[in-house]
Each structure stands twice: as C-alpha cells, then as structure tokens.
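Could you have a look at this structure, given as structure tokens, before my questions?
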Amino acid sequence: MLKATNLHKKYDNNTALYGLNIELKKGEVYALLGQNGAGKSTTINIFLGFIKPTSGEAFINGISVIENPQLIKKDIAYIPETVMLYPELTGIENLDFFSKIAGFSYTHKELIDFLILTGLQESAHHRKLKEYSKGMRQKVGIAIAVAKNAKVLFLDEPTSGLDPIATNEFNELICKLGREGKTIFMATHDIFNATKVSTKIGIMKQGKLIQQLDSKDFTPDELQELYIKTI
Amino acid sequence: MTKLITRKTFRDIISKKQNLFILLGVWLICILSCFINYIQFTTHAASVESHRTEVREKWENRPDKHPHRMAHYGYLVFRLAHPMSILDKGLDDYLGNVIFLEAHKQNTANISEANSSGVIVRFGVFTPAFILQVLLPLIIFFVGFNLITKEKENNTLKLLSIQGASKKAIIFGKVKGLWHYALLLSLPVFPILIGLISYSYLSTFSDILFRSLLILFSYALFYFLLSSIVVGISTLSKNSSSALINLITIWLLMSIILPKAVQYTAQISYPIESRIAFETKLEKEILKVGDSHNPNDPYFSHIKDSLLNHYNVDNVNKLPFNYGGFIMKQGEKISTDIYNKKIKKLEDTFEKQYSITQYSGYFNPMTAIKSFSIMVCATDYYSYKIFQNQAEEYRYKLAQYMNDLQIEHISNDKSKNEIISQENWKNLPDFKYQYTGLLTSLQTQLTTCSALVFWFAISLLIILLSIKKLKFN
Amino acid sequence: MNKYLYKQFFQNKVYVFSLILLFLLGIVSIHTGVTFLEKNNQLMQDATEYQEQSIQKNTAHETHIGSTLYYIKFHLFNEPNKLTALNIGMRDFTPSLKGVTIRNLEEQKYNTDFYNPTSALAGNFDFSFVLIFLFPLIIIAINFNILSQEKESGTLKLLSLQSGNIKRIIDTKLLIRFLAIISIYFLLLLTAKLWIGIALDSTFSLFILLGFLYILFWFVLCRFIIASNKNTSYNALSLIIIWIGINFIVPMISFVLIQKMYPIEEALQTVIEQRDGYHNKWDEPQKNTIDKFHNIYPQFKTNDTIFNNDFNWKWYYAMQHLADVESMKSSIAYQSKIKARNNAAKLIGYFLPSMHTLILSSELALSDQNNILAYENKLKDFHKEKRLHFYPLIFSNQDSTVENWNNHKLEKFKAQSNVSILELLLPLFLIITILLIISHKKLRKLC
C-alpha cells in the first residue's frame, strides 16, 4: 500500500533523508520514532506530495507520488499535531465542507455516523469547533479522513496533549481502522503508545532509518532502552 | 470546486456580524449621499434654469438701441453639470458657474462652489463616487486581508490541498468570494442612482442608463482587481498582521500619496503661466498686427485706403456701410484669432498636465477608475473644455452678429444716434449647452479606457502569480 | 530600564523607516511651499511690469482721461506671508492678484486666474497636509500595538509580575515615540524656517503650537484606545476608522451640511444684477442717473452739467458706479453667506481637531476664506480710492497727460491675521484633557 524506495532529500546545506526504504501493507499501523529534526516530518510531507525528494521514489497504492501528486490525494489523509479546522463552523459543517471538497456529498445522517464512528458524542456535533477540546478536534480530523475513503492515514504526534481517556479512545479507534484495512503511518514521541497500537516500529536518526522492528517482539521498557541506546 | 470555495468565502464574510454591519453602513451612507447630491443638483439646476430664462427675457426685451451696445451688454451663460454628477462630481466644484460673454473680451468662468466654501473644501466631497472609489477598497482590504493567511494559521490550507483542492481553485475561489461581497456592497446603489438621475429629466433615460451601466461595469472590474490584490498579498504575506499592514499601505499609496505626487510632478513639468503674463504677451501680439483704436495705425490705415479705393470715395463717411462697425469686426477677428492661438497653447499645457494624470492611471488603479468615472459622468476636464468652446463660439457669434447689424443698418454719420429695432435681438438664438456625448468622450480619451483593460489583465496576472506562489507548508 | 525601551524602539527597522519617510515627505512638502512663494513673487513682478506697460500704451495718444481709464487696470496684490508656504490653503485656486479698472467693481471682482481644476481637486502637497493627514498615520503605526503586542507574545504576564506598574511602562513607551515624532516635527519646521526665511514672530509661534497640540491629540487618542486593552487587530482597525472619520467622513458631511444651510444662489444673482444695473442706464434719461450719482457724491455736483443725449464720460462713470450700488445688496448677502459658512466650519472644528488645525493654520497663513474676504474688502476700498481720485479729472474733461501716472504702481495688501490664542488652544486642550483623564482611568484598571 505504501512504499518508499531509496528516498533522498537534500537541502542546500544539509541532508534531511538518506536512502529511506519503507514498505507497508494494508492494515499495518506504523509508528515512526525519532528526535526532533530526525526527518519524520520530511518523510510524511514527501508522501503527501508537498515536498519532492532529491532522488528515490514513493508509492501510494502502487501509484507514484512524484508523478501523480493530484491522483494520490484521493487515497491519503493527514491529521496534524494540532487539528484546527474552521473555528466558526460546527463539527458537522466542517466535515461536510471538507468532504464536498473531496467530491463526496453526504446526507446529514451519514455525516453524523462518521462522527460517531470516531467516538465524537452527538451532543458536540452542532457546537462550533472553537469550543472543542484537542481530542475532539482530532476525532473530526479522523472523520474527514474516513469520509473520503482514504486508504492511508498520516498522523503527526497524535497523542501529544491528550489526556489518558482521550488517548485510550484514540488507540481503540486506530486499531479499529487498522482492522478495517486502513494503513496508518504515525510520527510520534510516545514510545509507550507506539508499542500498544502499532504493528511495526521504525526508529530514525539524523535522516536515516536505523531500526525497523515488529512491535510484538518488544515490551515498552525494552523498546525504550533500545531507543535511547540507538539515539 | 472553485464554486465551493467561492461560496464558502462569501458565506464566511457575510456571517461575521461586523461585516453585516459594514454592509448596512455602506448602503446607508451611499443612499444618503445619493439623496443629498440629488437635492443639491436639482436645486442648482432649478436656479440655473431660472437665471437662464431671466437672462433670455432681459435680452429679448431690451429696447431699441445701437447694436454695439448690445454687443457690450453681452450674454450670461450658466454652466450646469450633467446629471450624472450626482454620482461623481469630478471637477465640478472647482469649475466656474457663469461666463460673461461680451464683445472684445474673453472672460473666465467665475464663481465656483469651491471659491465660496472655505478651506474645508480640501477635505473632499461626499459623493457616492468617493464611497465607491476610496472607502470601499479599504473595506475590501479589511475584510479580506486574512483570506489566505488565516487558512495557513489554522492549518486548513494543507487539509484543503489533501482533500483535492487545486491551488487554482483555492485562489480563484477566494478572489471570487471576496469580489461577490464587494459587488453586494456597491450594486444596490445603482438602481437608486439611475432612478434619481433620470428623475431630474435633464438627460434622456437611455443616455443615463448607458452611462450608469458602463460605470457599473467598470466598478465590477475595479473590485475584481482589488479582490485579486487582496488575495495576492494574503498569499505572499507571512502572517495576518503583515498582510493587513501591506494592504493598508497600498491603499494609502493609491488614495492619497500617488495622486498628490502625480499632480506635483505635472505642475513642475508643465507650469502654467499666470493670467497677467498671458495678457501681457497677448496685448503685445495684437498690437503688432494693428491697434483698432489708434486712428493712425498702419494696418487699419491700409484697410481704410483699400476700402476707399474699392468704393471710389474719398472719405469713410461716404462708404455704403458703417465703417466703424467694419473696423470693429476686423479688430474682433484679429484679437480673437490671436487669443485663440495663445489660449490653445495654454490649453496644451493643461492637456499635458492632464495627460500625466491619465498615464498615472497605469500605475494607480484608483486613478484609472476615477478618470474613467468622471469621463463617463461628464464632469471631467474634457467636458468642461467643450462647455468653454461652446460658450466662446456663442460669444463670437453674438459679437459678429451685432457687428453685421451695425455694418448693415447704421450709417457712417456719427451725428445721428441711430438705433435698430429690438426685434433683431430675438433673431439671435438662445445659448443651448449640449452635454458632451458619451461616444465622443470615449473616442477622445482612449488612454482612460485602456487603463481599465490593462488593470483587468494585471488582475489575472496577480491571480496567476498567487497560484504559483501558494505554499502549503 | 528606559534605556532598553529606547533601544527596542530605535532598533525596530519599521519604526525608523517610517520616521525617515515622514521626514522626507515633509521636506518635499516644504519644497512645494517654496515653489509657491517663488511663483507668487514672479506674479507680483509680472503685474508691476504689465501695469507699467499698459499705462504707457494707453497714455501714448492724447485722449480724454475718461477714455484712457476705460482700459487701464490697477492691480492690487494680496501678499502672502512666509507661512503661506506651509499652508497654501485656498490660494492655489483663488487669485492673489486682481486688476480692476474704475468701471463697476462687481463685474470685475470675480475674475479668476488660470489654474488647472484637476490640480486644485488633487490638492496641495503642502506641510499642513503632511501634518494633518500623514503624521497621524505614522503615529498610529508606531503606537497601536504597544500593549497588545506584549500581550500576544506572552511577555505581558512576565512584565506585570516583575513590576506592578504596567501603566508606567506604557506611558514611557508612548513618551519615547512622542519625542521621536515631535523631533521630526521641529526638525521640519526648522528646515522650513531656514529655507523659506520665516521670522519667529507670534504668528509662526501660534502655528507651531497648533501643530504641536494636534500631534499631542493623536498620541493621547492612541493612549485612549490602547488603554481598552484589546487585541492588535481591534486597535489597528479602530484607529484607522477614527482617522478616516476625522479626516474624511465628518469633514465631508459637515461640508455638505454647511452647503445646505447656507446656499449661495446670491452669487449668480449679483452677476445678473450688476450687468443690468449698468446697461439699463443707457436707456434711461441721463438726468436720472446723474442725479442719483450726485446724491451719493454731492461734492461732484456742478452747475454746468449738460443733460442731453450725447455720450459724456461723467454719465458713463455714474452709470458704472450705480451698477455697483444696485447690486450691493446681493453682493453683501453673498459675502455674508460665505462668512457664515466659514464660521460654521470653524464651529464644527472646535469638536474636530483635524478641521480645527487646518482652518486655523490657514488663517494664520493668510490662505483661508477670511483672508479672501479681507482682500475683497480692501479691493473695494482701493477701487473707491482710485475712483474718487479720478472723478474730478474726468468730470472736468481733462486729458490723460494731466495725471502723473508714475503714482499708480502696483499696490500690495497684507492682511492681519487675528487669531486669538484662546480660540486656537482651548478646543484642542479640552479634547486632550478629556482623553487623558479617561485613558488614565482605564489604564489604572489594567494593573
């Protein structure tokens, strides 16, 4: 579903990525760990089509990102660290608008269903977005992703700033989406959560993917030790 | 796609309470200024009309007298602006309202509104044109400055792109959304204006309608340009504050600084000589040809001699026509010819100054729309020139008519105090001022028209540039 | 601590750039004034030359002095003072020079000079324009976010913890900016004084004081807005709206109201009246006209006046003067309307600092409506003086050679500007004081 082959990204005075290789299948949940500046955001932006790699290739669902940036947009979704959306519109209105942009026209009931799917309670649907908590906004962001039938979801620091209950809700949602066949790609600092939710883990250091492992092989403590040793 | 974004942009603007407040406020002051100007105009028109009839009556009823007296009695013509001046007063307040037409002398149009109003005329006039040309742009800038920067700050710009919105759709959609708001601000004033202006019955409905539609169209173009500037600056600015500051600076440049700078340049480049310098030179030149009051003047002596020869008499009193009248007619012709030549040179200087203003329309869109607006409303310098020309033609006709009457009916015998019947006065038709035709204006001022087209092209360029420069991350 | 506040201000490139820009624009505006004075001077010289030439030409041949005086124009020059360079006011479209024959005045006094109406419409780029319109913008630009920026960047919380007196910090910041702007103001005035040669008399001092108070007003206004402790956009928006209101909307609406309250249809009426007043006399018996004239000027009554149908100069000039007499009522009504308009504007100006500053500095610079009216009145006296001087010569049928024409050179008139200090200071003082008090209260609440 998602493939990066030898991705290089060089800027004028530094190299952000050195020969990155990743391959993900349908339903995999991938957690990319690494310090700030390691290259996590660069990787995501390349897959999103916002940055062109200096060399190498990236594929979403078999389609080259570099050659068809507009085409791959149908299959991807992005949930940033702070989901802001349009503060003066309600949750439903935001979902409706962005779905229409993506070319989907849903009925009121269908929109509500999407929001319920992500765990956003009905009482919040008609409140303005500026009244939402971080967790609630994130849910709307995910609802937008689901509503457009995205096959790959990219998330940036999804659990930062979430309280334990919200984190739990989030984990359940991600696992559910994975089971439904969506591929999830998360950039995160949250090692504990990484082990809980992901199927595969990658560790980046200074633009290189230096470790890639199956999360079921490690406990959180073991992973943390490995992380600190590696970094 | 573009339609979605257009609709959303428009709805976002309208749903903000302060923008609705602005909308109502603008409509209110527009309508207010329409009515105020309408009343002012019709009052002035009524007074001009009553003065005109009074002058005509007095002319026709002057008793029998020597025609030369009538030539000195002269005629008073009053200037009335086109009813479209209700929309845009243009130069009207600074133009004289009455010209005294008399023999031997060309007078200026005197008594303008500005002369009688004190220094506060400097603050400008409250017309719908001011609101549409100067205020509305500022409002558009204030309403739309963060159209792109806010999306960036909310992270929604990236999301729009991921959902599949193209750069073109985003930029163009926002321009159109803002443009629709601008149209909503300005359009309602036009039916009222057309109604009021037509109600004055001073021009045909089709003339007014056509002019109004032309203006409406030009404003639509103008606001489209402004919307594209707003979205362009918003795209290029780092954050909302700097976008706002940049736009306010642009507005200041367009509305105040550039116009004054241009006038300053025009005045330095083509200075106008004073009236007194003009008259000094004029007198010198007329004298060079001949002094009709000097009995020993060589030029006129020559004429006298050739006339005497031709009619085979030895004394001017024996000529079959009034010699005095004839000489005056010659004198009038000479002085008028020389005056016209010199006035033409002066007018050329005015034209050159004026052309600098016209050309400045190519780098200041506010000047472009203003020039176009006053041209279509016939309150520009060109229309004023037409009025002056018509008045001067009438003056010359009057003087020469009187001279002809003198030549025909007055004998050369100065001892008889001869007079002619007052019936003759009626034969000089009244002065009928014809408003400058729209087509004539358009044809002679192509620079003004083309400036607007130029700016439309620029607006498309700005949109293209914004599309290129729009960055999602 | 103040040292750092100074540093903060002057290291900000945008601020320094705005100050330099303001100064440069001021210099350009002073140049406009210098050009204006030069042109005016040239005009005076041209007029002197013209009058000499015209007299020479018209007195070259022996003629009845009445016939000579038909053509000779006597010029009265409305001399500006040096301050006019800083506030050109109405002098760019009203003539500073008028020439009149001793024929009826009413017909001649409205004649204008050549001016380009487009330039008049755009207005002058003189110092007063820069002061009244542009200084406030720069003042707004450097003041509007003094408080809100601290708030939004998060440093306000820290500041209020470090010092209990936020008000003092804000006022210090304002003071620094005020000193910067005032320095530019005085620097420009100094440049003007040296360049144009303005004497430091009471008029100039009042002019300087007026501008000073105007700048102070804007600072106090900014303080008032800042004290409401709203965000940056709100401050910017309200100050700009106030600027537009004070400099455009309110003066414009006032202008329209004044026009409505005092319509001046009398003006066109006087033109008709004076023309008929004179020309009608041609159809009346001479005796009537000359009798009326003798009623006004009994000193010219002689026993040997002939009343017949022949043209004579006494009759001619009597007709001319009576034309003035007959249109006097309308003329006076017109003048009084203009005066009323001016007074109404001044009254409104008491509540509106921008109008107040413009009107009063115009008055000080001899470029306002009052000056024009004073010039008109002087013209009337000048005209009368000439008439009364020549009447005896005309009526005794003298020849033009009898007069010593060298006595008739260009005359200059310089009005006195009687601007009372109280009128100048009080309105601005009051407004400034009120704003200071209110903003003081608001700022107190802040801490």
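Every chain is named by a letter (A, B and C) in the order it is written, and numbering of its residues begins at 1.
Going forward, a contact is a pair of C-beta atoms (placed from the backbone, for glycine too) under 8 Å apart; a residue touches a chain by one contact, two chains touch by 3 or more.
Chain labels with UniProt names: A = ABC-2 type transport system ATP-binding protein; B, C = ABC-2 type transport system permease protein.
No experiment lies behind these values; they were computed from the predicted model shown.
S.K.: Which of the chain pairs holds the record for C-beta pairs in contact?
M.R.: Top-ranked chain pair by contact count is B-C.
S.K.: Which chain has its C-alpha centroid farthest away from the centroid of chain B?
M.R.: A
S.K.: Distance-wise, how many Å sit between the C-alpha centres of chain A and chain C, to the nearest whole number?
M.R.: Computed value for the inter-centroid distance: 70 Å.
S.K.: If you average the CA atoms of chain B and of chain C, how many Å lie between those two points?
M.R.: Averaging C-alpha atoms per chain gives centres 25 Å apart.
S.K.: Taking each chain's centre as its mean C-alpha position, how far apart are chain A and chain B in Å?
M.R.: Each chain reduced to its C-alpha mean, chain A and chain B end up 63 Å apart.
S.K.: So which bits of chain B are touching at least two other chains?
M.R.: Residues of chain B never touch two or more of the other chains.
S.K.: Which chain C residues qualify as touching chain B in the complex?
M.R.: Listed in rising order, the residues of chain C that touch chain B are 28, 32, 35, 39, 42-43, 46-47, 49-50, 53-54, 57, 61, 75, 89-90, 93-95, 97, 99, 107, 110-125, 129, 133-134, 137, 141, 232-233, 236-237, 240, 244, 247-249, 251-256, 258-260, 263-265, 267-269, 271-272, 275-276, 279, 282-283, 309, 334, 337-338, 341-342, 345, 354-355, 358-359, 362, 367-369.
S.K.: Can you check the complex and tell me which residues of chain A touch chain B?
M.R.: Residues 45, 48, 50-51, 70, 73-74, 76-78, 80, 82-88, 97-103, 141, 144, 148 of chain A touch chain B in their complex.
S.K.: Which residues of chain B touch chain C in the complex?
M.R.: Residues in contact with chain C: 36, 39-40, 43, 47-48, 51, 54-55, 58, 62-63, 65, 69, 72-74, 76, 78, 90-91, 93-98, 100, 107-126, 130, 134-135, 138, 142, 240-241, 244-245, 248, 252, 256, 259-264, 266-268, 271-280, 283, 287, 294, 346, 350, 353-354, 357, 381, 384, 417.
S.K.: Quick check on the complex: what are the chain B residues that touch chain A?
M.R.: Answer in residue numbers: 1, 4-5, 8, 12, 15, 153-156, 158-166, 472-473.
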